[in-house]
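Take this structure, written in structure tokens, and hold onto it; I'll ask about it next.
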Amino acid sequence: MTTFGESHGPAIGCVVDGCPAGLPLAAEEIQTWLDKRRPGQSRFTTQRREPDAVRIISGVFENENGQQVTTGTPICLFIENVDQRSKDYSDIKDKYRPGHADFTYLEKYGVRDYRGGGRSSARETASRVAAGAVARKVMPGVTIRGALVQMGPHKVDRTNWDWEEVGNNPFFCPDAAAASAWEGYLDGVRKAGSSCGAVIEVVASGVPAGLGAPVYGKLDQDIASALMSINAVKGVEIGAGFDAAAWSGEENADEMRMEDGRPVFTSNHAGGVLGGISSGQDVVARFAVKPTSSILAPRKTVDRDGGETEISTKGRHDPCVGIRAVPVGEAMMALVLADHTLRHRGQNG
Amino acid sequence: MTTFGESHGPAIGCVVDGCPAGLPLAAEEIQTWLDKRRPGQSRFTTQRREPDAVRIISGVFENENGQQVTTGTPICLFIENVDQRSKDYSDIKDKYRPGHADFTYLEKYGVRDYRGGGRSSARETASRVAAGAVARKVMPGVTIRGALVQMGPHKVDRTNWDWEEVGNNPFFCPDAAAASAWEGYLDGVRKAGSSCGAVIEVVASGVPAGLGAPVYGKLDQDIASALMSINAVKGVEIGAGFDAAAWSGEENADEMRMEDGRPVFTSNHAGGVLGGISSGQDVVARFAVKPTSSILAPRKTVDRDGGETEISTKGRHDPCVGIRAVPVGEAMMALVLADHTLRHRGQNG
Amino acid sequence: MTTFGESHGPAIGCVVDGCPAGLPLAAEEIQTWLDKRRPGQSRFTTQRREPDAVRIISGVFENENGQQVTTGTPICLFIENVDQRSKDYSDIKDKYRPGHADFTYLEKYGVRDYRGGGRSSARETASRVAAGAVARKVMPGVTIRGALVQMGPHKVDRTNWDWEEVGNNPFFCPDAAAASAWEGYLDGVRKAGSSCGAVIEVVASGVPAGLGAPVYGKLDQDIASALMSINAVKGVEIGAGFDAAAWSGEENADEMRMEDGRPVFTSNHAGGVLGGISSGQDVVARFAVKPTSSILAPRKTVDRDGGETEISTKGRHDPCVGIRAVPVGEAMMALVLADHTLRHRGQNG
Amino acid sequence: MTTFGESHGPAIGCVVDGCPAGLPLAAEEIQTWLDKRRPGQSRFTTQRREPDAVRIISGVFENENGQQVTTGTPICLFIENVDQRSKDYSDIKDKYRPGHADFTYLEKYGVRDYRGGGRSSARETASRVAAGAVARKVMPGVTIRGALVQMGPHKVDRTNWDWEEVGNNPFFCPDAAAASAWEGYLDGVRKAGSSCGAVIEVVASGVPAGLGAPVYGKLDQDIASALMSINAVKGVEIGAGFDAAAWSGEENADEMRMEDGRPVFTSNHAGGVLGGISSGQDVVARFAVKPTSSILAPRKTVDRDGGETEISTKGRHDPCVGIRAVPVGEAMMALVLADHTLRHRGQNG
């Protein structure tokens, strides 16, 4: 997958190459996933109005039955930027916003598209969600679901976990009680012009044993890479993750028994990956999203001319950008698993 | 970098391609780093006796001054396996050891080298340390240091942090008081035939601003991938990492001031990476290592024939494999930074 | 570079990643090169009417002086397909056209976009020309020129070679006398509904010594790969090429002398590449294009149902598709050299 | 595949990654192919005495039946250099040998291993032959054979073609009459201290339809890349190759008929590749090898200090290095086809 596009350029999009032929694919299906990520759906996400309507430019054609299917050639997905609201960028044009990539882009390239964050805008993640929709098609037996498990300092109660609840609140929260409490919390954050971080958990069920590789191309390595590549992500863990560091070998071991003639594990601290290869259990990953850097409170910074100054961000921003990261995390998991599904089939038939 | 070799095969090693020419490189220098990782140096690591003597097979030749330097061609580093102790493998040959890759390798490949873990043995990481020694040469101005910051449930006290202490104890611990306490703790773990996990922090100083890329090939993404690819690693974080999820935008923001005519940051929650590109601050990463899976206490498992059974591991194992992961983490950081140094120079001159 | 798009889909295009920042780039400049390849410019090329108007979707922004420059992020170039003439495809939908990829696409993918050749249409090469225009920007000191040196069985007389002539005839022919003769020849071919092959030579001047690599990533290897990837190309040679097979070592040796204090070669049988690395001489490559497969004369073939039949192609086709391959060959040479320029700078500073 | 090693270093070798597991592989089988390429087998090849004995360092282990099979992990093949004859290199140390990579390596890297050509020595091709032996295992139904079809200006008579003859003469010549004539010709070349070029044809039979890809990753593109990467190769063609440029569309078309219920082609000008994808016909490629650059006749050159001088090469050199390129060409074809076999299986199952 290759993506392109800036927040306020004419369009963003991606090219997915190497996709198997013959998979039914319609723009409407991709749109379903994009709509989950789309801004402006509740008061808790940015009020930028982007329809995020996706067009399939290539790689899909009708088969003998008149159904639109992938042809095996590169699939280009194209999303036009509509709400490029004309505004005054003089402030962010010259000042480095703390937590943003303004300073590092300029240091690296000497020039940057400062409008709405340009290439570093979270808007780029729409391309990932679109590509993820294609990736899901590659693995019809795999279900990938994501949930917000921590908002700011508030974690869900895992004993309340109910995947059905995820669609019932604006936070992708699997715990109805937590969702209810978060509403008040996030309203406070939002009204204060502040922001908070989040932790997202992504679970892939139905992944067959055998995906991955012993050393380079480990499945967990590629998941870590994919999730860490999402904007604002600062940490990734698989299975028990950092908790495992505090455990003993006895506690951490996932023991095995036979069930219906098949070996099964009696726990899943490994998160479905052993030695870089999937074990057939659920693949479980979590990632931490830092608080949105664009906040109302003025922060000290410097400008391009070396002057010390302050900056404060007004406007349409997510108080908790981690919410919309849920479908993005799902998409990245889907892309990694689809890639490894094809690579495994290549090597091992 | 490509590595090869199994724990009990004739040798392990790696090929480093794309290295700049003209860098002085002697086997002795590489050996210095390998010796840090070498087993059998204290009672807290496996008693396997491997000299880990490295040979440079290619890619180095004398320059006009008679000094051994890299020639720009592939560098093959070769480490013979000496202590392939003949033993009875009948137990692990047919039983799946919990926490090990036995089951997943067989599911994927249908065959595996079961001797000492084969390809999934931590022994493979010696190749990484050797390659890392070459990578350090590429960036003479960068210093990469690692430290154990948590052993089992016991964390260091960061106010005691002293890099000098890292070399004064068998744990690479930067806190003398913690090191002292860990000694008794780990003796207990070892005598009980148990094991514990660990967290390692790696810090790269002197990294110039500008390494990395906006979307694919982000610096933090590649660090996450590299660290997660180390055996037994279950989590990776950059800068404030998972802690940032609980913070507000105000707390998380790294503000900027001018100092000696250069923009500087007044904190480093970002861990030296903004938008996937280095900011010139220290690059800070941490990774969690699970407890060694080979323990004395019998664990429930199954065998290849589908029989339910138990397994208990006797023999030469690290009670805390995270200790020897410190030089490995440093090496992986070095490899990622060297790679990005060359890529940045390629793109931006 | 990644390209996408089918002949009769909504658009074709490409994404160029890794381009240095700060290079002035305007759509008009890219258009200049596209116009050289554009169909319908003489009676000797297909009468399909495509404006081939390119849009820059991303990766370019104004710098401090208000000039449009590359930003270092992925550059997406987008060319809409305008002349998707509605026609009856029932004939080529089910019959395999000899010399075309109809049969192999179906064998591989089980489905194909049969309209105008779909992905295998020469139309895809417009994306390459657009990307090549970006590549040229990376190497301001390098001049890349192509010429048709053989049309059907008729070769140019090299003693007449004049680069200025290339722009004076519809064949990119450097020999005015040959161009004149070819006109009558190709009219005959065209009127007979037949076609002919061609040989194109591409010469890059100003290439510094040192581009390439000793074994994998040889400069000549990558040129061969790039040129062979152009539609209808069946052979590639560097320097003396196949002729060198018939020579003695004495004849083939490019001897060296000093000139203005610099080593120079007194001949260039090597075509500017020695041991996979550029020597500072002109890089010279040639490639053979087979005759256009779409011809009026009926050819024996079979259909998807296994019936033996015939096919004859009417319509808008190039009698000598090699003519329009000239700018495509230039673009591919530019892409390879730009890539190696950046890689060389990465490895060797 | 990654190779490493210099002509006069301690060893050369390669690492083959991504090989399917469970393929029987013994060093003896690899040795069989290496022996075909081994020097010193007739008076027509260099008299350097290298046993070229290959060791399998990793990636192979016994399966349940006690048979040595691939395990799916990286296979390292290691060939020690034995005949590193001590000699006086003062001549080639400072002078640039025409046709060799001496000048370009120094321009690129500033340092080189000048002993026996170092990395640019044809000795590196032994690694390729070893890797090719592994690649053949991946495609048990495919037969890959190579033959010398032109030595200096003398071509074989294709009506005499007999694959059985290839093993009956020291030239891999399929035409007994030509082989007999070449003997006298090459004796003359050899005694004169001169050299000649050659053309090699490689034919792969049993390749299923469907290998390759429409645009990047075309099968013929990768074959061209692989063959051009062999030392001294200056041209590559597929099927009719350069001859096709002189033909009409009618002559070039490979017509189709039904045979035993399967579509078949009545000719193979395409060389088994259409639109970058294999057609099920024999894949046919040819490559031109320039005359050995090391010759007795003095050639004009310059030295590192900028002095004009001459160089003449005495010693153990192949008068026609193209002969030993035959097994190398076979190996490269095997590697490309094996790679595409796995990639095709990955994408299309």
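Every chain is named by a letter (A, B, C and D) in the order it is written, and numbering of its residues begins at 1.
Operating definition for what follows: contacts are C-beta pairs under 8 Å (C-beta built on N, C-alpha and C of every residue); 3 or more make two chains touch, one makes a residue touch a chain.
Owing to the predicted nature of the structure, the values given are computational and were not obtained by experimental measurement.
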Chains touching chain A and chain D alike, please list them. B, C
Interface with more contacting C-beta pairs, comparing C-D to A-C: C-D
Considering only mean CA positions as chain centres, point out the chain farthest from chain B. C
Between chain C and chain D, what is the separation of their C-alpha centroids in Å? 27
Round to the nearest whole Å and give the separation of the Cα centres of chain A and chain C. 39
Contacts with two or more other chains, residues of chain A listed in rising order: 2-3, 17, 21, 72-74, 105, 108-109, 119, 214-216, 344, 348
Of all residues in chain B, those that touch chain C in their complex: 17-21, 72-74, 214-216, 342-349
Once bound in the complex, which stretches of chain A touch chain C? 2-6, 9-13, 15, 17, 21-22, 55, 57-59, 61, 63-64, 69, 71-76, 105, 108-113, 118-119
Quick check on the complex: what are the chain A residues that touch chain B? 2-3, 96, 98-101, 103-105, 107-109, 119-120, 124, 150, 152-153, 189, 194-199, 209-212, 214-216, 218, 220-229, 231, 234-242, 244-258, 261, 263, 266, 269-271, 273-280, 288-295, 297, 299-302, 306-308, 322, 344, 348
